[in-house]
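The structure appears below as structure tokens.
Think of it as A, B, C and D in the order they're written, each chain with its own count starting at 1.
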Amino acid sequence: MRVAVIGATGYSGIELLRILTQHPEVSLEYLTSDSYVGKKASEVYPHLKRVVDEVLRPVDPDAIAAAAELTFIGLPAGLSTALVPELLARGCKVIDIGGDYRLPGELYKQWYGKEPGPADVQGQAVYGLPETSRDRIRGANWITNPGCFPTAANLALLPLLAHRLIDPKSIIIDAKSGVSGAGRGANLGTHFSEVNENFKAYKVGTHQHTPEIEQCLSQVAGELVTVTFTPHLAPMTRGILATVYASLTQMGAGATEALLALYDDFYRKHPFVRVRPIGNLPMTKEVAGSNYCDIGLQVDTRTGRVVVVSVIDNVVKGAAGQAIQNMNLMSGFPETMGLTLSPLYP
Amino acid sequence: MRVAVIGATGYSGIELLRILTQHPEVSLEYLTSDSYVGKKASEVYPHLKRVVDEVLRPVDPDAIAAAAELTFIGLPAGLSTALVPELLARGCKVIDIGGDYRLPGELYKQWYGKEPGPADVQGQAVYGLPETSRDRIRGANWITNPGCFPTAANLALLPLLAHRLIDPKSIIIDAKSGVSGAGRGANLGTHFSEVNENFKAYKVGTHQHTPEIEQCLSQVAGELVTVTFTPHLAPMTRGILATVYASLTQMGAGATEALLALYDDFYRKHPFVRVRPIGNLPMTKEVAGSNYCDIGLQVDTRTGRVVVVSVIDNVVKGAAGQAIQNMNLMSGFPETMGLTLSPLYP
Amino acid sequence: MRVAVIGATGYSGIELLRILTQHPEVSLEYLTSDSYVGKKASEVYPHLKRVVDEVLRPVDPDAIAAAAELTFIGLPAGLSTALVPELLARGCKVIDIGGDYRLPGELYKQWYGKEPGPADVQGQAVYGLPETSRDRIRGANWITNPGCFPTAANLALLPLLAHRLIDPKSIIIDAKSGVSGAGRGANLGTHFSEVNENFKAYKVGTHQHTPEIEQCLSQVAGELVTVTFTPHLAPMTRGILATVYASLTQMGAGATEALLALYDDFYRKHPFVRVRPIGNLPMTKEVAGSNYCDIGLQVDTRTGRVVVVSVIDNVVKGAAGQAIQNMNLMSGFPETMGLTLSPLYP
Amino acid sequence: MRVAVIGATGYSGIELLRILTQHPEVSLEYLTSDSYVGKKASEVYPHLKRVVDEVLRPVDPDAIAAAAELTFIGLPAGLSTALVPELLARGCKVIDIGGDYRLPGELYKQWYGKEPGPADVQGQAVYGLPETSRDRIRGANWITNPGCFPTAANLALLPLLAHRLIDPKSIIIDAKSGVSGAGRGANLGTHFSEVNENFKAYKVGTHQHTPEIEQCLSQVAGELVTVTFTPHLAPMTRGILATVYASLTQMGAGATEALLALYDDFYRKHPFVRVRPIGNLPMTKEVAGSNYCDIGLQVDTRTGRVVVVSVIDNVVKGAAGQAIQNMNLMSGFPETMGLTLSPLYP
């Protein structure tokens, strides 16, 4: 499959390159960059020497559609609204890692503060979370790839909501992310001396991933789900850990074991979700560099709440890896092709 | 004031030394260590050269009581149950930084899995959180110093409970700590390669600070408070950030401003609690090395919850600094004496 | 090829597992562990679930030789002296990642403070640095894999010594390593709170890799080379950067360009050594998780010295990756098979 | 003493504030900032609330000289060349933490690539390294404060050169710095994701601190000293460790002990230099937050070199702390006044 990567020098972009170069069915045909047109990818990123020596080119829909059957887009918010329709119109399949088409236009405008793209393009987008939408992804030409926080949070909650085991108004998501989630832009918020040996919360109650989480959970629950979502910045480069709290609607002896059995069953057919045994909670390092989402849980019998902990690598299962998983499904490749990467530990 | 430090080579111990050497009314008269008897403190810790060159001695209650009017104890759990009564019996004032006397005997046994000390000693202990108990501390001879997580969590919640603004059954405390909170013991859980670039939850629903938090909050609320408390380990050395969630019993326009005004008022007379203006949430680095607890909050109007964020340096306000604040109160010194340390930034 | 890994739960061991599971010609047949016999590798390391679920077994030379054609050994110093002869005697090929057979017996005793293994086994060992010994490795049954520091230091120096461009008595190697180089043992020296935000030198003039470096360099130089070698510990998990200083015996205009051209030429046929263009020096992150050694250099014309900077991932090119490179050569596989891993950035 | 701080919101500036607020003889009278005029220091840096609530003002030499007897300047390179003469002309004493006046005009132009200030102002500047120039500092009105790398490197070398024990052409300085040394400017080089888990060398042979080091060492040696100096960036916020190599001109049995005795003697009267006993080398964390420079050394008898390791906190002894030490000397205060800060450990 001939593939293009738009935004190849962002963190999602170089992670796509890292993984796609190992994919047996993919050839990289067109890489773009705003800042480095005309340079080789390996001149911008010396770590790519002998790995990706292709030249970076400008964004040109005609040239992209001529070169590639499928395009991955990894651009900052607001920059793919216009580009996606142009590529689709030229018959190129699209997987957009950014958030421009994940929400209905009105919600997008409200939470992102930007103008939405065309409603019909938005309406045709398939939300690319394989664990809820595998069949729709299989037939799709156009995927809006889930956000990093929604991936971690929703995989933690799906079994509970699908089985109606929790009060859908009781959900609190306390998420912690590494700094790479903020992209490569240099500002005080990503300055080493300001982040190292530091921990903070941000965008409390206002993060743009909130409605995306609620939209996905509401569909699974079959009723409106509203959540409190608080993102935090941890002094590390990669990884998201989401600690999710919800009130159980019923609870008996052995509730933790029972819920774990239910999670095991729910995720049996999903190759990238691994459920931990009782007493074992996942850490972010245990999925670093891989496409896995690991989940553990514990019932707090004193308060009737369940505490679910999920971890992902934000640039893999939270971005580039999940996009490739979607490409595999769209293209009829095995879902895990090119993605059987072991986590890098320690 | 002649002072002894038991456990002077633990992390709480060396932090006591750091601060006490700057205190104008204190002389260090007796330092103990299990592992390094006969050595100078500065031989064990070269950073203390010219700062604390005293020799480390064994734990000998007679000698301690002869040398010191007041003893700080910084020992692992279970090691001060027997020692405290011996010092008190000899007329020495005691501030125990460890957790052995913070809970009633039964609760201690249940959550710590250890035998409690004498009930009368436990019964006489004053819980040394100046923001709730300043007057009782002033007359006390014997203080059980609060834990690090309870200090951060309870200071975040006191105004809400004192004013009955939240449902006391709705409280969730999601706390993140640096590694120094685990002490200096070397094990896989504190190994650099296992902690760095990693984030994890631990002791979900079972951490021994849970009943201590509930005990303090219940007294302030005047009713039984039960909380869900989840500690996490962050890849940093110092600092705790607690994100606290609770359902507001009422809410109007401008709720965030109103609550901040209430916090400002509540903490006006407390020199070490700093309330942030609206839109500003504290980070752990902003209190590093200091005795401050900084607090910010945001109402999530969509869900009717308040999200309070508090930060402390776990070895200062969460341990040694608060102990010295208590010593100042017990001894009639100004509460801030020796503690006007600016945070170290960056 | 049927393969065994001795010490599969050490850091070199799990890195072997990570890479070997991607190798198209290898099957893992026998994994050993001292501490976890009977458990699955994925029970000890949850990140390995669905990656390596094999059961860990005790060290039993008969069983190993029956199961495997080639054995990797990743054990602490002193533990393979007896084991290697037993495996070789049973016809099993061996690659020892540890240092027990890298030096002549006398030197080993002097620098490691341990008893050497049999002299004939030591004498048959091929030193597994493909960039100096590819042909000897191709015919070998028994490889002693280079240390992490010697790999970084020697690759930085080979072209200079092979071309007699530097004074062999002028070499100073100032090397900086991540903490994973110290293994998984928990002690104060690997405690997060003691390593984070800290930098130190250690074993100045006495590190056991010193004679290994000199032995390799002396062979290439054709004369006795003595070096000053200072290792340092950096607050990071992976990576070695070696800054190497030497006095040039001659120097003309454009010396930096000339030396870089010479390095390019020297390493043209070596797939894992990448030479940087002028003005560009490598950083450890640019090789993280990969088998590359990246090299840059700059002539200090004011002092007549050349400063060479080389970087490796200490657990890949410095241990497991180089061992697999050696396996490929011994087995007639393409040298890069299973090792075309892109570095993980950021 | 009434004091002004120019550049109060840079990292040197806020460190001056942290320390000066504890100084018994200083009142902060005038703080400037380019970016935040009109705001309180504590609005820009919430950690300063209740510590420094003064308002930030523009740079106005008349107003500064009216308000303050002594001005500290902490500005990026090139910004104090014009300002210093204006302040001196108004009778205000000046301590410039920046590098604009440390070198003769020609050297400054060559290494900094900027126009030097007036030659007479440069000529009057006293280089503020108390360990070489205490007496000259005592009578001075105008101090150019040493750079961070020169402070660490030169303190490591002074005794050797003063006693003519090393070949002055053999000196190699391999220095490692935390990121705060690069200031608060946000760029790729200070981006957390690019620095964390990474180590690099930079400005090899071209760093502007090189001639400053050589100038100071040449004066002490009484002959021209040329050094190879390589700075590195370590993934930590604070701290410099310099590893210094030099060839001994003579060496006997017990050379390490003998040199340590000589260092002890040399630094006996210098309150902020601490020499380690044999076998003990300093780490950066052991001076964090303090004005100490700790030094250890080891003779490499095999090569006839001495390896000296020195550590400082780059923003204290390498900037703000040393500036205050100089202020104390200029003003007749005890040299250690306000500077008896214990290092913060861990």
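As a working rule, a residue touches a chain if its C-beta (ideal position, glycine included) is under 8 Å from a C-beta of that chain, and two chains touch if they have at least 3 such contacts.
Not measured: the values here are computed from a predicted model.
**Student:** When the CA atoms of subunit C are placed over those of subunit D, what is the turn angle between 0 and 180 degrees, to the nearest 5?
**Tutor:** Rotating subunit C by 180 degrees superposes it on subunit D.
**Student:** Distance between subunit A and subunit B based on Cα centroids, please, to the nearest Å.
**Tutor:** Measuring from centre to centre gives 38 Å for this pair.
**Student:** CA centre of subunit B versus CA centre of subunit D: separation in Å?
**Tutor:** Here the centre of subunit D sits 36 Å away from the centre of subunit B.
**Student:** List, in ascending order, every residue of subunit B touching at least 2 other chains.
**Tutor:** 11, 178, 180, 193-194, 196-197, 235-238, 282, 285, 288, 346, in rising order.
**Student:** Using the contact definition from the top, classify how the chains connect: line, ring, star, complete or other.
**Tutor:** complete
**Student:** Can you name the residues of subunit A that touch subunit C in the complex?
**Tutor:** 11, 14, 17-18, 21-22, 45-52, 180, 196-197, 237-238, 271, 274, 276, 280, 282, 285-290, 292, 294, 340-346
**Student:** Which bits of subunit A are touching subunit B when the two form their complex?
**Tutor:** It comes out as residues 169, 172, 174, 176, 178, 193-194, 196-202, 204-205, 226-228, 230, 232, 234-239, 241, 243, 245, 281-285, 288, 298-303, 305, 307, 309, 311, 346.
**Student:** Can you list the subunit B residues touching subunit C in their complex?
**Tutor:** Residues in contact with subunit C: 11, 178-180, 184, 186-188, 190-197, 235-237.
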